[in-house]
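In the two complexes that follow, chain A is the common piece, with chain B as its partner first and chain C second.
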Partner chain A sequence: MSVPILKQSQYLIATIQSALTDEDLLTLQAKLVQSVGKFRSRGVIVDVTALDVLDSFASRTLRDIAHIIRLRGAETVIVGIQPEVAFAMVQLGITLEKVSTALDLEEGLAYLDKRLPHAAASP
Partner chain B sequence: MQQPLPDAEAQYCVPVASVNDIVTARLQGRGLAQQLGFSPGEATLVATAISELARNIVQYAGKGDIELRSANNGNRRGIVVVARDRGPGIADVRLAVQSGYSTSGGLGMGLPGVRRIVDDFQIVSDRQLGTTITVTKWRG
Partner chain C sequence: MMEQNAPPMMNIVSTAALLRELVEHLRHHRTELREEWARRITEARLLTAMSDEEIFAEATSVYDNYVAALETGTFEALQTYSRNLSERIIPRGVETHEVVGIVLLLRDVLARSLFAKHQSDFQLLNRILDAYEPAANRIANTVAVGFVQERERIIREQQEAIRELSTPVLQVRERLLILPIIGVIDPQRARQLTEQLLRGIRANRARVVVIDITGVAAMDSHVANHLVQTVEASRLLGATVIVTGLSPEIAQTLVKIGVDLGKMNTVGDLQGGIEEAERLLGYRVVPSQEVPAQISGFRDGA
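Now for the complex of A and B:
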């Protein structure tokens, strides 16, 4: 299951639409890192609203995505972690340290606009 | 895919041989949890535990299976998950369930994390016979 990546102004929005295998997650990681350079994006949003489980591998991959993209000069926000999923992650011991998160896509965009005033999607 | 075993109530066996099977196993587990009346939060914990156990099989043994069955203890209902492989076994079981320990470069959250989110956790590992991890989660 491939994850569509939408380009909006200087942002990239990846919306995960169903359960992903480990390989799908790594493909998403490679695609995002590449796209940031290709489109000279400043911000990336990964929407995980549809994910019903974020286990240690998925969490590590999301964290890696955020860290790699930061090294490429852009900001990443993970949006839409569901309440049950957040609960399970904490119980499992996962904190996604140093990764920005927001409630939903709207909040994620608002966060990036604030962090990156020169890249705001809607000036 | 899943194969219901004969003469058993709500019992499934999901063969695990690739990362795709991790998703199948946890969907099956969530389905059973919902059938048994687990809350969405509890069902998510069950699915997450299965995900970690199934990944352990793929990563360290290559293949194995996940058995899911319902359990009763008086009025309490629960799920038993048995993750079984014939892989190389775990050299030091005590170390493997310690938080932060990983031989694969992972977060070391897998087994210790599973132990935290279930009510009962048992692990038997043998160099010849492989590893069997049995966990139980009771409905709240």
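Now for the complex of A and C:
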């Protein structure tokens, strides 16, 4: 199951729509990292609203994506983590340290607009 | 030797008849036995929460119910009575050992009066005791169990009340929630708090949450770690948590047990926490020039 990546002005939005295999996650990572360069994006949003489980591999991949994209000069926000998922992750010791998170897509966009004032104003 | 020569018919006096005789005896000596019992209760320093008159009044009705239970052999009335009694005396601070103590005292008082009455006829005494003991044990059991059940019912009710009362998640401004925690946090309550907070964050689209623990007297490492986890989970939902009102004791405990508070944003009191939250949300609170009449010291006639 591949994840569609949408380009929205200077942001990329990847909405995960169902549970992903480890391989799918790595494909997503490669695609996002590549696209950031190709579209000269400033921000990336990964929406995980549809996931009711985030295991350690998925969490680590999300963290890696955020760190790699920062090295590529863009910001990443993970949005839509469900309350139950959040608490389960914390209990497993997965805290996505140094990764930005937001409640949902709207909040994520607002966060990026605030962090990257120049990107928001662009046509 | 007389007894052995007695006709066999006499030996097979039914338990029921013996109990009847016993009840007769207890009715007849009601006043003095009751007084003796009340005196023994006071002597043993039981029911100290109640006055002598109250003890006597309760003793009277327990006595009558006791005799009635012996007479009829049914315990429903006694059960109901002991439940009502428990309902009355539990709020007064009467303890389980006191209730068990007074019932055993009554048993003792009555047994002694039987000894006194039948001391000349040892065999009859034995038979009467054979009839009396099982009934008395069952009565003691009924009263004690009734008391304990009532107590447990009250405890359950109170626990539920605490659970319902204890965890309000309140919105004080757009995107700002406060969670005032009061009282003891046990693991179950901690879990519930977290669940409600995370749901609240989602439902209210909160960006900042102030958790105020001024009303929490003590915290162990388990609960402290849970608090840290709650803070982290809230962050995963995109909300910043500010913890306020850490008492000196709790602060020292947390440092001593080595809880990692580095990830926690703490402010001294609730007011400071809300001010900080407003700052994070971009609010600025400015005093208005006009002071409403209600708080300026004047009252209009309307």
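By definition in this document, the second predicted complex is superposed on the first by the 120 of 123 C-alpha atoms of A that agree within 3 Å, B and C clash if a C-alpha of one lies under 4 Å from a C-alpha of the other, contacts with A are read in each partner's own complex, and residues count from 1 in each chain.
We adopt the following convention: contacts are C-beta pairs under 8 Å (C-beta built on N, C-alpha and C of every residue); 3 or more make two chains touch, one makes a residue touch a chain.
The structure displayed is predicted, hence computed values, not measured ones.
In the superposition on chain A, see if there is space for chain B and chain C together, and answer fit or clash.
Fit.
Between chain B and chain C, whom does A:Gln91 touch in the aligned arrangement: first, second, both, or neither?
both
What is the contact status of A:Ile81 with respect to chain B (first) and chain C (second): first, second, both, or neither?
In the superposition, A:Ile81 contacts chain C only.
Quick one: is A:Leu105 in contact with chain B, with chain C, with both, or with neither? Answer first, second, both or neither.
Touch partners of A:Leu105: none, neither chain B nor chain C.
Please indicate which partner A:Ala19 is in contact with in the superposed arrangement: first for chain B, second for chain C, both, or neither.
After superposing on A, A:Ala19 lies in contact with chain B but is clear of chain C.
Check the residue A:Leu116 against both partner chains and state whether it touches chain B (first), chain C (second), both, or neither.
neither
Taking the superposition on A as described, I'd like to know which of chain B and chain C A:Ile68 touches: first, second, both or neither.
A:Ile68 sits against neither chain B nor chain C.
Determine the nearest approach in Å between the Cα atoms of chain B and those of chain C after overlaying the two structures.
Result, nearest C-alpha distance in the overlay: 9 Å.
In the superposed view, which residues of chain A touch chain B and also chain C?
83-85, 87, 91
Note which residues of chain C are touching chain A in the complex, please.
Within the complex, chain C contacts chain A at residues 194-195, 198-199, 201-202, 205, 207, 229-230, 232-239, 263.
Any idea which chain B residues touch chain A in the complex?
19-20, 22-23, 26-27, 30, 40-41, 43-45, 47-48, 51-52, 55, 99, 106-107, 109-110, 112-114, 116-117
List the residues on chain A that touch chain B in their complex, please.
For chain A paired with chain B, touching residues are 19-23, 52-57, 59-60, 83-85, 87-88, 91-94.
Going by the contact rule set out above, which residues of chain A touch chain C in the complex?
78-79, 81-87, 89-91, 95-96, 101-104, 107-108, 111
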